[in-house]
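The data blocks that follow each hold one structure.
First subunit A sits with subunit B, and in the next complex the same chain sits with subunit C.
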Partner chain A sequence: MITSFRRISASLVLTYAALTLGAIAVVYPFFFMVNNSFKTGREILHSPTALPSTITLIGYTGVFEELDVLLLFKNSLILAVSITLLNTLLSALAGYAFAKIPFPGRGRIFGFMLITMMIPGVLFLIPSYVFIYNLGWVGHYHALIIPSAVSVFNIFLVRQFMLGIPDEIVEAARIDGAGDPTIFMRVILPLARPALATVAILTFMGSWNDFFGPLLYLNQPEHWTLQLGLLQFRGTVPGENAEQIWALTTLITLPIVVVYFFIQEQFVKAFANVSLSK
Partner chain B sequence: MVSSRALDAPERAGAAPSSLFLRIKRSRWGYIFVSPWVVLYLFFGLYPLVLSFYLTFFDYSFVTPENRTFVGLGNWIDGVTDSLFWKSLYNIVLNQTTFIVLKNGLGLITAALLVRITWGARLFRTIYFLPVITSTVVLMTIGDNLASPGGPVQKVLIDAGLIAGPVFWKSDDTLPMIIIALINTWKWFGISTIILLAGMYGIDPRLYEAAVVDGAKGWQLFRYITLPMLRPQLFFLLVVDIINGLQMFTEVFSIGFNVYGGINHQALTPVLYLYAQAFDRSNVGYASTLGLLLAFLIALLTALQFRFVRAEAE
Partner chain C sequence: MTAIARMRTGWSRANRRGDLSAAALALAPAIVLFALFNIYPLLYSGYLSVMEWDGFSPDKEYVGLGNYKALYESAMFRNALTVTFTYTVGTTLLGVAFSLLVAVLLNSGIRGQNIYRLVYFLPVVTSTVAAAVVWRYLMNPGSGYADVLLRDLGLTPPSPSWLRNPDWALRIVILVGVWKRLGFNIVIYLAGLQNIPKEYYEAATVDGAGSWDRFRRITVPLIAPITLLLVIMSIIDSFLIFDVVYVMTDGGPVGTTEVVGLLLYRQAFRYFNLGTASAMGWVIFAIVFAITLIQWKFFGAREAGL
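== the complex of A and B ==
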């Protein structure tokens, strides 16, 4: 009895040791980034891993002098917020229709939708650009916002969740004389909040971190997002502005990490939901 | 229940055509709610899809679209015989094989460790998930600096005697794809962890109890119960990894390679090459063809996976 208890506790200690080692390895690069953001460029070059000899904000002040960081923040926010709001609303509407309104042709439209999910996105890259270019949208926010206003994937996610809402609740509201818009607003939206949170989190994160879309469609510096700003900035004076690069990467990462720590349970659930709905 | 039946009654009594009309009219909000997606998909999904096939038959440039010339199957023949396209496919397969094995292996190990503990499990999970939510451009910037000649990782490797001197891996032939796979493993293994962990929580504990009674021990339990029971989760991860991974662009571009993947094309990926053809050389028709070829390849791989899984199940 005693030996088996000892064996269990020894393996438990090893488990915690391995997990802690893993956690350090995962966090260290972030520490490296934040640590270097408080050093001078010379110090970063000569001793990249050391703690700052004196804490300096020269990187941060430098970034704000050379780049309109607030404008980049604003642009990233405009895109992420509008794409997230549109996706949440439109996938909730379509998800409700697919799950709870038995309109003729529903099965066919839904089947078609599932097929479109299978088509790899790379196929649309060039023809979409040609189309949007010909529309004259390149260089405008709506070139990014409108095509990604609703995704099949999000509709599917919401629909799967709404199938779990009992039909009796919807029927009861109908008998009370409520139409579909009222049922949607008063009954469905409050019940579907977990699914909509998943959609909102995944969409916001994807859009905030997106690099390829803005690179393709936003060619004017006044429209650049944080991700684009970082890259342009890195390209102009190679090696010279190390402290500013670390300051900017820290600034880009901070907002999403803060949000993450406040609602981390929802973040993790969002990703778990995606795999379960398949 | 009674009142609902009463409401349905007049509709059932009506003739067939008007009953369909009534049903459509009664469920009109269904059409209205689905219409935003339908309209957007017609314009930004279906139309580009048709356009992409159309473009493959032409020499087409953004600058002078009116000068497009019909080239028949020329783009397709160029595509399958283009050594750079094959080079990019080789690179991405090397990158993704490394990445998928490491990322899911690491995810499996961390999940197997996390499932054994309760105290602190949430904290570890939160930490492992941190790179998942961080932007690719930021993570590649950090990874680039950590792995650079004179950077901390190489310093440790030199001190340990594992490498003789600084390695200028960006100009190497295979190292860029391997190192990008390592950085991507750090970014994405947290997803595998939580998905596999959820799968492990779902396994019936009675299975383990029965196996222990039969004399099975630690590794055997993992090999003959945990792994087979995780098949759906592993399959899901593999399908998503392959679809996403073959379309890699941002990682290579933001770590500092040009759209041709460096001087010897050592970091050229298919989407990078497609981008170069469309936006650097203005060969839009050709780029569209490369996109189709890649999409067919991805579809083929996905279909093969599904077939493999079905064969396994039978």
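== the complex of A and C ==
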């Protein structure tokens, strides 16, 4: 009895030890970043791993002087919010049509869209750039917003979810005299909330963290996003402004981590939904 | 009339005319954008891949399969493919193995599962640029954390330092790739592990199977479909890696981290060889498509066998 109890607790201790060690390794870069954001540049250089001897906000005040952080933040927010709203709306509409409105050629159109999902984004890079350039959109937000408004993958996610909503509910509403707009707004949208939340979370995260799109299309500093600001900032004064770089990376990482903390379950479910419906 | 009101009247009118118009109205915005920003660029990219063009001059020159032939003969492209394959294999194997280990430990009935999951998932939601900048500094020569740690342990860091060392740079990039991906794999694995009936483990324990036996004979085969799914997803993502490398090493030192995504970007936006870059895009597509196809075949067979 006693030996088996000991064996169990020994393996339990080992389990906790392994998990905690791994967790520390995973979280260390975040700790390093936040920790150094409260030090002076000289202290970062001489003792990068130690805790700050005195907590200073010099990095934060400095980066606000060097960069228009609020503007970058605003730009990132404008982009992420518009893309998320548009994309979620269009995914809901298209998903509804593909799942709940029988029309000729539905399967074929949807199947065709699915096949294009396997095409890697790099293939679109150049032709899209040339096309958007010719439209005269380079340097404007809509160069990023309009093409990102539609994602086949999100339509697919919403459609899969809406297929699970029983047709009887839709039929009952139709018998009550409801047209498609009413059914969509009053019946389908509320029921499809989990799928729409998934789409919204993934889209927002993708667009907030994207730096390649802004790098290509937003060449004017007044349009730069946080990610682009960090990229350029890092390039300009190497080594001189370490404390400001840590302050800025902390500021960039913070919003999405805070959102993640608050809706952790939805986030995790969003990712689980994605792969399990693939 | 506001746009929404206009849409609403148009829509209810459409409804009287039947399902087709309702569907057309609901689909129209998505289909139009899809055609403009997916189909058209795809066709245009095929066209560009048989042309020689610098993106500025009004004339494009038809070169047939010349761009593809040049790629086939290009040592730079071959190097990029090798680097990308190494990165893909490394990230996929390590990412899947570690995440299965962590997921099984997390699923063994410990307390605080949620907290651990939260921590391991953190890198997944972090911006790539911020993560790459942090990792670059961790690997900084002399003052970086890696060097400090090794010195504290009485070891000598490699010279030249990590990201400037041709042997080490790609390993560090793989490490960052695994770090960024681990939490995602863990979450998917956990969902799968929770679907395995507890009775299987109980029956095996009654039959005298140890924990290693249970892992090998129950967990691994029953979780195989998810493993294959994660492997496919990881291969597709890793093969198209660009951003981490762009920020951390920009392909160096001496091309040891120059992945195909980066080479394509450089050809297109630094050297303005749009034809070559387009052809490269199609070759990458063909490779990813072939890998996916082979794996889906394998995946399907495996699933049917279970």
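We adopt the following convention: the second predicted complex is superposed on the first by the 273 of 278 C-alpha atoms of A that agree within 3 Å, B and C clash if a C-alpha of one lies under 4 Å from a C-alpha of the other, contacts with A are read in each partner's own complex, and residues count from 1 in each chain.
Here, a contact is a pair of C-beta atoms (placed from the backbone, for glycine too) under 8 Å apart; a residue touches a chain by one contact, two chains touch by 3 or more.
Since the model is a prediction, treat every value here as computed from it, not as a measurement.
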Fit or clash between subunit C and subunit B when superposed on subunit A: clash
Partner chain(s) touched by A:Leu90 [first = subunit B, second = subunit C, both, neither]: both
Partner chain in contact with A:Tyr217 - subunit B first, subunit C second, else both or neither: neither
Subunit B versus subunit C as contact partner of A:Phe156, first or second or both or neither: neither
Touching partner for A:Ile175 - first (subunit B), second (subunit C), both, neither: first
Partner chain in contact with A:Tyr260 - subunit B first, subunit C second, else both or neither: both
Contact residues of subunit A, present in both the subunit B and the subunit C interface: 12, 15-16, 18-19, 22-23, 26-27, 29-30, 32-33, 48-49, 90, 93-94, 96-98, 101-104, 106, 109, 113, 116, 118-131, 146-147, 149-150, 152, 155, 179-181, 184, 205, 208-209, 211-212, 227, 230-231, 234, 245, 249, 252-253, 256-257, 260-261, 264, 267-268, 271-272, 275-276, 278
Interfacial residue positions of subunit A with respect to subunit C in the complex: 11-12, 15-16, 18-19, 22-23, 26-30, 32-33, 44-46, 48-49, 90-91, 93-94, 96-98, 101-104, 106, 109, 113, 116, 118-131, 146-147, 149-150, 152, 155, 179-181, 184, 205, 208-209, 211-212, 216, 226-227, 230-231, 234, 242, 245, 249, 252-253, 256-257, 260-261, 264, 267-268, 271-272, 275-276, 278
Residues of subunit B that touch subunit A when the two form their complex: 3-4, 7, 20, 23-24, 27-31, 33-34, 36-38, 40-41, 43-45, 47-49, 51-52, 55, 60, 62, 65, 110, 113-114, 116-117, 120, 124-139, 141-143, 145-146, 151-152, 155, 186, 190-191, 194-195, 198, 233, 236-237, 243, 246-247, 249-250, 253-254, 256, 270-271, 274, 278, 284, 287-288, 291-292, 294-295, 298-299, 302
Residues on subunit A engaged by subunit B in the complex (per definition of touch): 12, 15-16, 18-19, 22-23, 25-27, 29-30, 32-33, 48-49, 90, 93-94, 96-98, 101-104, 106, 109, 113, 116, 118-131, 133-134, 146-147, 149-150, 152, 155, 171, 174-175, 179-181, 184, 205, 208-209, 211-212, 215, 227, 230-231, 234, 245, 249, 252-253, 256-257, 260-261, 264, 267-268, 271-272, 275-276, 278
Subunit A-touching residues of subunit C, taken from the complex the two chains share: 8, 11-12, 14-16, 19-20, 22-24, 26-27, 29-31, 33-34, 36-42, 44-45, 48, 55, 98, 102, 105-106, 108, 110, 114, 116-131, 133-135, 137-138, 143-145, 148-149, 179, 182-184, 187-188, 191, 211, 229-230, 233, 236, 239-240, 242-243, 247, 261, 264-265, 268-269, 274, 277-278, 281-282, 284-285, 288-289, 292
